[in-house]
């Protein structure tokens, strides 16, 4: 699976980057992205309950099937307003 | 009793004036002003339940004692906003 | 801060009256002249007031709102005279640390203003008729029918 | 009408986006940077966004509000980048025939915006620390203590 990963706010700080093109066989559903992030920084394990995933600008469930070319965003708790 | 009477909105239309200095022995309490107005135009009788009286810029009960020099205003249902 | 004016309401000016470094939320309500009044076409409105008492009542309402809600600032501005369609006749602005109080206080102030502040609206209809708004014996009779 | 901008919000312009000859009531909410965040002195805020998705979410919320309430107009403008004390980070304006809908819709839109729109606030404190606002595992731990 080849996707474009976008990170924001505290998630970008934890990962050390904001945007990455990734191609990995273990990315099938949206939730897999959190496993990938935890492999980069174990702090992501604690963050998992707070993170939502959006695919192509819409929130999705963790079992949402990914497709090649998807833009996958990790959304920490929002604080606009 | 000598007072300054102020009328507004529909009350001014019914009476045909907006302001009058009046001196009358039968003005003791605020409610008496409605009797005086009815003597000018019997339509005021129907209006009585809709009119409030203010003395010196504050709403008062109909049994509020008047004093010489009071500014007495007849307040039809308000419609600001 | 309460005001009665005859010119168009400058909304940015009203908002600046309530700003505060402690304010996190501002709510602003505008009452605007509508082209429609219960199905009848309106050309414009005219407002009159018992100014001295209206200012006193508005000040009393502000004091009450500041006691009921944790307000940092409040302003009520009512325009009198002719107000054309789409123009604001009243602006109410409040500021508070958080939005609950701002919304509740703004709602309170406009609701109370409409009940007690001596200001009267006259509607100028497209059919040529002119009527005072608000309760009257005539309207009550019409409703009963 | 939804917008994300980096300049100060011009409130009169936001209001003009929702005006309508049928509108009798406009409600405008402003979220403003406070000098105080839970007892700590704030110097300024910085907002970042996932812009494409934020605009999409804001548009979705407007559509939902227009279905739930009888709105004549609505506008949501969020500012990003640095926002100083006393400046507005967000403006929401709605218009409707009567005030019930305007107040309810404005409240709905700011509440939902704070829940779902991907915008993040970073607080720059007077003591030199810099923190993302919003829920986090650290804050949860502190609360449990």
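Just so it is clear, A, B, C and D label the chains in written order, and each chain counts residues from 1 on its own.
In this text, a residue touches a chain if its C-beta (ideal position, glycine included) is under 8 Å from a C-beta of that chain, and two chains touch if they have at least 3 such contacts.
Predicted model, so just to flag it, every value in this text is computed and none were measured.
Q: Chains touching chain B and chain C alike, please list them.
A: none
Q: In the touch network of chains, how many steps separate chain A from chain C on the shortest route?
A: Tracing touching chains, the least step count from chain A to chain C comes to 2.
Q: Whole-Å distance, chain B centre to chain D centre, using C-alpha means?
A: About 49 Å, centre to centre.
Q: Quick check: how many Å separate the C-alpha centres of chain C and chain D?
A: The answer is 25 Å.
Q: Using mean CA coordinates as chain centres, what's the chain A-chain B distance in Å?
A: Centre separation, chain A to chain B: 73 Å.
Q: For chain A, give me the residues that contact two or more of the other chains.
A: none
Q: Mind pulling the residue numbers of chain D that touch at least two other chains?
A: 31, 110
Q: Using the contact rule from the top, write out all pairs of chains that touch.
A: A-D, B-C, C-D
Q: Going by the contact rule set out above, which residues of chain B touch chain C in the complex?
A: The touching residues are 6, 8-10, 13, 46-47, 49-50, 54, 57-59, 73, 75-81.
Q: Contact residues on chain D for chain C in the complex?
A: Residues of chain D touching chain C: 11-12, 15, 19-36, 85-86, 88, 95, 97, 99, 102-103, 106-107, 110.
Q: Flag every residue of chain C that touches chain B in the complex, lowest number first.
A: That would be residues 31, 47-50, 52-54, 56, 78, 89-90, 110, 113-122, 132-137 of chain C.
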